[in-house]
Amino acid sequence: MSKSLNIAEAIAAAKSAGRPAIVAFMTAGFPRRATFLETLTRIGSAADVIEIGVPFTDPMADGMTIQRASEAALKDGVTLAWILDELRGAAARPAAPLLLMSYLNPLLRFGFDRLPAAARAAGVSGFIVPDLPNEEGDEFATALKAEGLALVQMVTPVTPRERLEALCRHADGFVYAVTMTGITGRSVDVPDEVLSYLDAVRAASGAPVCAGFGIRNRGQVERLAPHVDGVIVGSALVEVLERGEDPAAFLRELHL
Amino acid sequence: MSAMIDPAAAAELLAREIRGDFPDARGRFGPFGGRYVPETLIPALDRLEAGMRRWLKDPDYQADLARELNTWVGRPTPLSHATTLSARWGADIWMKREDLAHTGAHKINSAIGQALLAKRLGAKRVVAETGAGQHGVASAAACARLGLPVTVYMGAVDIERQAPNVGRMKLMGATVKPVTSGDQTLRAAVDEALRDWVSDPNGTYYLLGSAIGPHPYPYLVRELQAIIGREARVQMQAQAGGLPTAVFACVGGGSNAIGMFYPFVADRDVEIHGIEAGGRGPGLGDNAATICFGTPGVLQGAYSLLLHDEHGQIQETHSVSAGLDYPGVGPEHAFLSSIGRVKYGSIGDDEALEALEELSCSEGILPAIETAHAFAAAKRYAATHPGARILIGLSGRGDKDMPTLTRTLLKGKL
Amino acid sequence: MSAMIDPAAAAELLAREIRGDFPDARGRFGPFGGRYVPETLIPALDRLEAGMRRWLKDPDYQADLARELNTWVGRPTPLSHATTLSARWGADIWMKREDLAHTGAHKINSAIGQALLAKRLGAKRVVAETGAGQHGVASAAACARLGLPVTVYMGAVDIERQAPNVGRMKLMGATVKPVTSGDQTLRAAVDEALRDWVSDPNGTYYLLGSAIGPHPYPYLVRELQAIIGREARVQMQAQAGGLPTAVFACVGGGSNAIGMFYPFVADRDVEIHGIEAGGRGPGLGDNAATICFGTPGVLQGAYSLLLHDEHGQIQETHSVSAGLDYPGVGPEHAFLSSIGRVKYGSIGDDEALEALEELSCSEGILPAIETAHAFAAAKRYAATHPGARILIGLSGRGDKDMPTLTRTLLKGKL
Amino acid sequence: MSKSLNIAEAIAAAKSAGRPAIVAFMTAGFPRRATFLETLTRIGSAADVIEIGVPFTDPMADGMTIQRASEAALKDGVTLAWILDELRGAAARPAAPLLLMSYLNPLLRFGFDRLPAAARAAGVSGFIVPDLPNEEGDEFATALKAEGLALVQMVTPVTPRERLEALCRHADGFVYAVTMTGITGRSVDVPDEVLSYLDAVRAASGAPVCAGFGIRNRGQVERLAPHVDGVIVGSALVEVLERGEDPAAFLRELHL
């Protein structure tokens, strides 16, 4: 089966349970490299989909929290190859589908020829690449498709209507609907126009729609729930890890 | 050095470059370039590209630009004959004096051109990054001149080594934001500027300082800097009696170099040399000589050559010159190198500083440390090409470098 | 202010000034000027005068000078319209951009002209004094360019407040000698340079930096600086549509001012304003506004106006700008004041700094603190002369002033 | 009698005694203002002519020693008016003729109209003004002449022959033959060409010729003696005063 279908299924399963799916972001190897798989398992116990961030030296779309986590992981020697090795060799992996979230250069350097197979072997269902817009993504998307992996598309509130529709039409896995312009990590109070933007995304998309950037609390999830299929929780979860708190407890709070 | 492509393909690509085919519709110079940015920025880049195509050749914009360049920037900048250096080096040395442009470097050519564009595009504010501070000062000046608020991101390390420029920006009303993340130099400043831009892509104009970044920046910056080479070409014919044997310019991101080189690309007899920062040596992390030592990859919006490790992590670089201290390079340079039209070489810290002193004492011109790299390379070239007619891009003045020069060349002499 | 002479005599003297009668055979502008130096220097001054008369109009010298000015200094400097200031001040403001001249101020016009002369006079070495460091840097550059060794005297106080310029001079191979005697500023530096010159009047050329000193310096410097006003006059007619209502320039020794003013002296409808350093206030010792507050006397070779006490002892002066911090003034200015052709006024430290900030933020040009005095006065003038067409001499850039600006305007902002 | 004749007479008297006259320079009010007249008297006991230096803020022809003395005297409040008052009111003045050595500006400021009479009243015989070359000196020379006071002319080794002859022709009091280019206070070893220059000065001059600048010891005086009528001792004497030693003893050493 195509791994990318896993994702839509996982989101659908949450929906059947009457709640938006929780897509949880963690930086690989943060807070410690040694506890990567353990952290993954704990998050997996309360998330419907997991985004594993591949650390990068120049995370231009990320705010301070994820920059810090990324830097720490790099210092700890976390690399894409190591992440894939760990996942492949893991005694058990969470049931939740895994996505790798990475800037393009580490993927390029790994090699588009080798990467999809290696990712699939590691149990990865797809990729999110913030600096790979649709125009530049063909080669990678094609390579992924050959292994049944998804390349998740992002859309934003400033994406013009026509473009948004075109992007949603080709969506794979889910549509990552960025809730605001800006970088990760800043809280948003979800104004009405964001809700109507999300409605438009959903109308255009065959795939499920998950809203991300700035999601931190149950109130936001409640407000977003009627308009999306899932929510993506990133910086807030990384901060939980940073403080040494229980990520699963935090995520369960967001289950409506 | 990146692998070269086969001669026939290279000749064909050069012919296309000369015809003006690049960047192509996808923003590429051969394989290099493109637009690798978050989706949030795509509409902004589309608008920028459309605005640029609308305005760049518009007579009204052109008239405004020409007026600012002639009466405010001080163009044309002179072509000086380096009489003493010519005698010392046994060649005929000519210097294109961007150090005399307002604010002290070529950066102002692009800054005022982009600021005029930003105004026409209805920008409410401008962001810019800066390494040596020259682009920050140029942006601050251009924005003050046009009444646009500007925020300049500058790495904390660069703030330290180019302190005078920080004060200059502030006096011109710019907000200077120190960047303490990443390598705390130019690369981190670009990242921060991009983050700022992503936060308000509609109201903000990102005034990029070099021929780098996503399409259409490498093209836009080249078009605005090409006045250097166009003027120099005419001046060489008038003053030196003909085109140069060889042209030299330093390459950081590559804006002064592409501005100088582009108008000479079609002159196939003119050798072109881009000079990178050799730093302490060839080891990864010891230099910023991207074309000499880098491999292809994507950084800050473009596919080009990069200094990165085997995991695709960007390498921290080293150069005594803040303006060259950058692990990427403009995609058109990667392209020109790949087709062999431009030769890229590097000069180390010490040799650059020696050249700086030689130029200062010989011609009474204190160049930027960035610029000195090109002089050192031209000196080497002269040694093996006696009598050659050499044109060097004197991209900026060295006043901004006094803190660094005080710690190096002037150590114990003040 | 020195007493004015009666209108008929003044008119006659003005007519003679316009005819070019001054300086007369005794080196005088009306009663001012002359040659008050130790006997040792008389033959040197005679030789200088003869050499100057031999060479200044010589086609060969003129060609050399024109080439250096055009291709090395960057002349003509532009005339910029100050669009924002014009709107803010309700007048039509134009700026003559000597800040864009090589090394950053008008000083280079005289330095390269005198260095070319020194070469022809067979000088083995050059001495120069400097206040703000601009003339020192200009002399270092000109001498490096022509291969002449140069020693620059600079007051210890000025070395402190214009530190970046000290490094620049040294990098260009100049010997910088700190002067710890006297007031440790420009006046003491002139004294030391004269002492050096007295010691070797045959082999040494004294490259004086302002329109001061014994005859023929005030004349020589005026002739070399008058290119400022000649260019500006033509540019005003071409760009502004006519001659200015009023011309402003700052006056230290008075070289940029006389260079700007002289070509306008015959244009009787053009008001001319020289602006001195008002410092902390009108008290003796609190300013350097020699024409405003001084009386006649002899200092450093010329009879002119001076700031001195009732015993003829020269007063220590104060100004935030090192380049204006001088208790004398060029004799031609004393003369032009006495016949009423030029009005002299003063601007205090704080108002000058405010003007510096206003110009920086409004036009993206960071001027020297010296220069800012002229802008502050022009602003006042505009307030009472709405719509006036005002030409301001932008004598130099403010990079050299960063240490002072860091302590004042930027205090707490860096 | 013209006071200027005093000077020539004093020099002639030394000559009759078979030695060059000693012209001694002291900065007025140095080392202390309070002991001005006393210092003057002590120097007068061993000098044939005394030059009294009027301190000035910008002594451009002077070296460090005299600059220092000048600065100290200025700080002590020494002015031209005070010097003249002191001299006029002195209970006794030395027999040696007194010259005032001053830069022009303090004299100008005092006023050429009042100065000659005031100087004469103070027992002064003439002036030496280092920054007043012949071309600029007419007005002052004329004013002095009216009171019978001399304006001593300086000549130097670089003065061209013709000019030197013209200057010497109009000499008043004595001709001050500077022995070297440069400022006061540096020692010179009197090379042969200086001697022939002094011979030329003497040949051209009706007035006596005194050599100054750099004279510090008896050896120099001996070497100069055949070529001059007197020697001027400046910085060396000021240094003696600075060290608190006996100026008369020092000067008597120089009597051949």
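By written order: A, B, C and D. Residues from 1 in each chain.
By definition in this document, contacts are C-beta pairs under 8 Å (C-beta built on N, C-alpha and C of every residue); 3 or more make two chains touch, one makes a residue touch a chain.
Note that the coordinates shown come from a computational prediction; the quantities given were computed from them, not determined experimentally.
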item	value
Joint neighbours of chain D and chain A, given as chain labels	none
Approximate Å spacing (C-alpha centroids) for the pair chain C, chain D	37
Separation of mean Cα positions, chain C and chain A [Å, integer]	67
Residues of chain C whose C-beta touches two or more other chains	none
Of all residues in chain D, the ones touching two or more other chains	none
Category of the chain touch graph - line, ring, star, complete, other	line
In the complex with chain D, residue positions of chain C that touch it	26, 34-40, 42-44, 181-182, 187, 191, 194-195, 198-202, 296-301, 306, 308, 310-314
Contact footprint of chain C on chain D as seen in their complex	56-64, 67, 71, 74, 79-81, 103-110, 130-136, 153-156, 158-160, 163, 167, 178, 181-183
Touch list for chain C against partner chain B, complex	70-74, 77-81, 83-84, 97, 99-104, 140-145, 147, 164, 166-168, 170-173, 239, 356-357, 360-366, 398-399, 402, 405-406, 409-410, 413-414
